[in-house]
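Common to both upcoming complexes is chain A, partnered first by chain B, then by chain C.
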Partner chain A sequence: MPVLDVPTQGTLTSRPYQITTVRHQTHDIVTIDVAPQQHPIAFRPGQFDMVYVYGIGEAAISISSDPATPGLLSHTIRAVGWVTRALNDLQPGTRIGIRGPYGRPWPLQEAEGKDLVIIAGGIGLAPVRPAIVEALRHRERYGRIVLLKGARSPRDLVFRDDLDRWHADRGIDVHVTVDSAVRGWGGRVGVVTKLIPRVPFDPENCVVLTCGPEVMMWFSAEALLKRGVPPERIFVTLERNMKCGVGTCGHCQLGPVFLCRDGPVFSWPEVAGLLDVREL
Partner chain B sequence: MGAPEAQPTNEPVVLSEDGLERLLGRLHHEGYEVIGPTVRDQAIVHGPLSEVGDLPRGWGDEQAPGHYRLVRREDDAYFGFAVGPSSAKRTLFPPRQPLWTAESRDDANFEIIETERPKRRLAFFGLRPCEVAAIAVQDRVLLHGIVEDEVYAANRAAVLLVAVECGAPAATCFCHSMKTGPGLETGADLILTELLDGEHRFLARAGTTTGEELLERVEHDVASEEDLDARKEVLASASARLERQLDTTEIHGLLMGNLDHPRWDAIAERCLACANCTLVCPTCFCTTVEDRTDLAGTEASRERRWDSCFSLEFTHTGPASVRNSTRSRYRQWLTHKLATWIDQFDTSGCVGCGRCITWCPVGIDLTEEVDIIRRTSEENVAPWPMVPSPLQEG
Partner chain C sequence: MSHHASLTAGDPDTLRVTLAGHPFCADLDGGHVRAMAEATSEHELPAGSLLLQRGHAADALALLLDGDVSLEVTEPGDDPIVLETLHGGDPVGWSWLFPPYRWLFDARCLTPVRLLQLDAAHLRGLIDTDPVFGLALTQRIGLLVVQRLQFTRAQLVEMTHHARA
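Up next is the complex of A and B:
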């Protein structure tokens, strides 16, 4: 089947997808693999879909699978609201609706010839996972590739298989840390931002992708700037509720920007001043 | 689409009262669904116009912050009022819009059935210049964004605009500040001016070739110098009555540089966060969607409806509301309307129609609020209020 480019028509109606696999990542996070019932649609790392559960509603979910195989699409979902809770309970074989992809992707090209640093907190690994997969496929284009992965506790770690595999592959320096450990955890303990001053990468020649809670991204940026990373080389992805995905429902506004239309990926100078205003 | 495709080439003409009737008849004859001002529930609102008698002839309105009343005029003007609570938005981007339905065939499968959206042949009859400007703003948002909105586009596709220049601005109007009125040069297919001196008549100018063709089919006279002077007189007298002003100089920087101004707190003490301003605003476009199923779960549907940034749940991150205070929600609305709209759509979101002032239950006046922020922006004077309260004076 032909792979289509980003759709611009029919943005009100979802296309049918069938769930092929449901993988329980943690107690409240699942990854749902879906196959298109029509033609697959190309996406780029960092983009998101509007995912519809029959009769319940729609939620904006970033795509966590490999952009090279748009015929097998994954969304990694934490149960938070009605729709995401329903998504967590779906079984293989169920049909869901998807429209997208939407949004500005990670600037992977900008990282070519430089070190690529990825900082992910919790489920924040999902939106950067396609970027990691893409970068590892073209490993020669980048200097060091560094992943700093934080989770609240060992039981909240997502994509464990990937973390193990990437670590073993040596193509990427993987540093995992948890905020609080449990018995049997032999890894690092502490917030992920504490790793930033210590891990090896070239602050003056790198691009950083960060995804996680706003407060984590804020402290990450602070630590990165302190280490000498130019602000315009730091990228964050922001999250707010969305109804349309194309900049017309108004919900995801942050001052002058619509997160869906102008983001969700932003450079630090684009949004630092906005994130600094309470309740904007 | 809808945009004026040609400059008027013909001369201004004059229509009699009968001519107005014939113009409306012509629109019906050509298959237009005609929408215009009409009296309903003690207000002048947009409704279907089947004949000239449906127009609010002899009615005027009295508007002030938080105040709207119909009043009898001393003449028989057809358009002797300012804008009411409804606008073209209600027709082009309705409060409730069915998006699609879905049928479930078994527990795991469903099929989405797209709602048909026949292209309507709509004519707006008697729109004020500020309302024409509001349509242009909605066009920017809903037609010329990264995608074209299907609902709006279907309604907007064949719209014909017959505007009437404003001779009766209300006390809440400030169109001259936003450069949207009271006169109109382009943006409508036909531009009328109601002339009440001497014989009751209408000066008519075509703004597009469609308007030109329409005029050709309606009996008219060539406009005289007196008619043209009479139009100038109508506009001059309307301008003279426009007392309210909004100084838009560097307004983006002014508002975005004052996000922590204490005035937002003072407004929040009055603002009920009722969303009236967003509902009457002819450009506010925010929506939400509602998903439903029947009891058996075999049919689902999705409907889009107007939403408002004044509601607590409007914006959230995860389950947590982003704008918990009324202060932040009013600030979102005002800064969006007057400042960040420019970043997003290269135009102000405000056309100066004054509806948000009139229909605010507590009479909050955005022109006054902007003025206060402007006058105090350098020093950010606190505490508020700036006007000494009667208690302090006593």
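Up next is the complex of A and C:
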């Protein structure tokens, strides 16, 4: 089947997909792999889809699979609302609707020739996973590639297989830490931002991709700026309640920007001021 | 400090250079480093041993050179809760500076650990007799406490955020 590389901004029609695999990442997070019933659509790391559970509703979900295989899309979902709970309960063979991909992707081209630092908290590894896979496929284009991964506890770690594989891979430095643990964990305990001052990378020649709870990204940005990373080289991905996905309905408006249309990936100077405004 | 610690032989000059090179002593006056080095010794501890034990006398400042240490709270009959892990370049403990000079938590070696041990009574004596040194050292400990407090607050915020979601 040919892969379509079509602009989907403005498109509100979902296409049918069939769930091929459901992988339980943690007690409340699953990754569902879906295959298109029509043409596969190409996507770029950092973009998201509107995923439709027929009869229940849509939710904006980042794409977590390899961009080189658009015929097999993955979405990693934490059960927090009606739609995401329904998605968590779906079984292989079920049909769902997907429209997208939407949004501004991670600036991987800007990171070429520089160190690439990726900071992910919790399920935040899902939106940056395609960027990691893509960067490792073109390893020669980057300096150091560093992944700082935080989770609430060892049982909340997602993509464990990937973390193990990447940990064994000399192409990427993986540092994992959890907020709390009991003895037996054996790894680091502490917030992910604690790693920023001590892991090796060139702060003056790097691009940082950050995804996780907004407070984590805020603390991370503070630590990165303190280390000397230029603010315009720090990128975050934001989420709000997205509905249309194409910048029309205003549900995801954050001050002057619509996250679905202008983001979800932003440079730090674009949004730092907005995150300080209580009323937004 | 742990009874499992084995003293590493080393001449005073090497020890002073090692102490001066520890991040905790960065930019510290050379005379102050020399004064601290007079009561400093280097030790090695095996994995699994306790570096600090809750309730025991806080009689030394430990500066980790290599290895990983977990700061733990233990309740009888239950697995210890790991509050934080510390690593090469980190200082361990500030209870030696404040009465009643008792450790509040356990610190366990997750790996073989090499560290510098600075005698607490000697440090407190230097603080009493040399106000310039006292200010420099207490500022460093103050910064350490602030950093750990900020990390702890960030941990709290993240855990609260997760509970809310």
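As a working rule, the second predicted complex is superposed on the first by the 274 of 280 C-alpha atoms of A that agree within 3 Å, B and C clash if a C-alpha of one lies under 4 Å from a C-alpha of the other, contacts with A are read in each partner's own complex, and residues count from 1 in each chain.
Simple rule for what comes next: a contact is a pair of C-beta atoms (placed from the backbone, for glycine too) under 8 Å apart; a residue touches a chain by one contact, two chains touch by 3 or more.
Worth saying up front: this structure is predicted, and the values here are computed from it rather than measured.
**Q** Please work out whether A:Phe219 is in contact with chain B alone, chain C alone, both, or neither, and reply first, second, both or neither.
**A** A:Phe219 sits against chain C, while chain B stays out of touch.
**Q** Which partner reaches more residues of chain A, chain B or chain C?
**A** Ranking chain B and chain C by residues of chain A touched puts B first.
**Q** For A:Pro16, is the partner it touches chain B (first), chain C (second), both, or none of the two (neither)?
**A** A:Pro16 sits against chain B, while chain C stays out of touch.
**Q** If you stack the two complexes on chain A, which partner ends up touching A:Glu239: first (chain B), second (chain C), both, or neither?
**A** The answer is first: A:Glu239 touches chain B but not chain C.
**Q** Is A:Ala181 contacted by the first partner chain B, the second partner chain C, both or neither?
**A** In the superposition, A:Ala181 touches chain C alone.
**Q** Shared contact residues on chain A, chain B side and chain C side combined as an intersection?
**A** 80
**Q** Applying the document's contact rule, which stretches of chain B touch chain A when the two form their complex?
**A** 99-100, 102, 104, 107-112, 114, 141-142, 145-147, 149-151, 256, 259-260, 285-289, 291-293, 297, 300, 304, 307, 309, 314-319, 322-325, 327-328, 332, 335-336, 339-340, 343-344
**Q** Please give the residue numbers of chain A that touch chain C in the complex, ascending.
**A** That would be residues 78, 80, 121-122, 150, 152, 177, 179-191, 193-194, 198, 213, 215-216, 219 of chain A.
**Q** Okay, in this complex, where on chain A does chain B touch?
**A** 8-14, 16, 54-58, 80-81, 91, 93-95, 97, 214, 239-241, 243-244, 246-253, 255-258, 261, 277-280
**Q** Taking the complex as given, what residues does chain C use to touch chain A?
**A** Spelled out, the residues of chain C in touch with chain A are 68, 70, 72, 79-85, 87, 89, 108, 110, 151, 154-155, 157-159, 161-162, 165.
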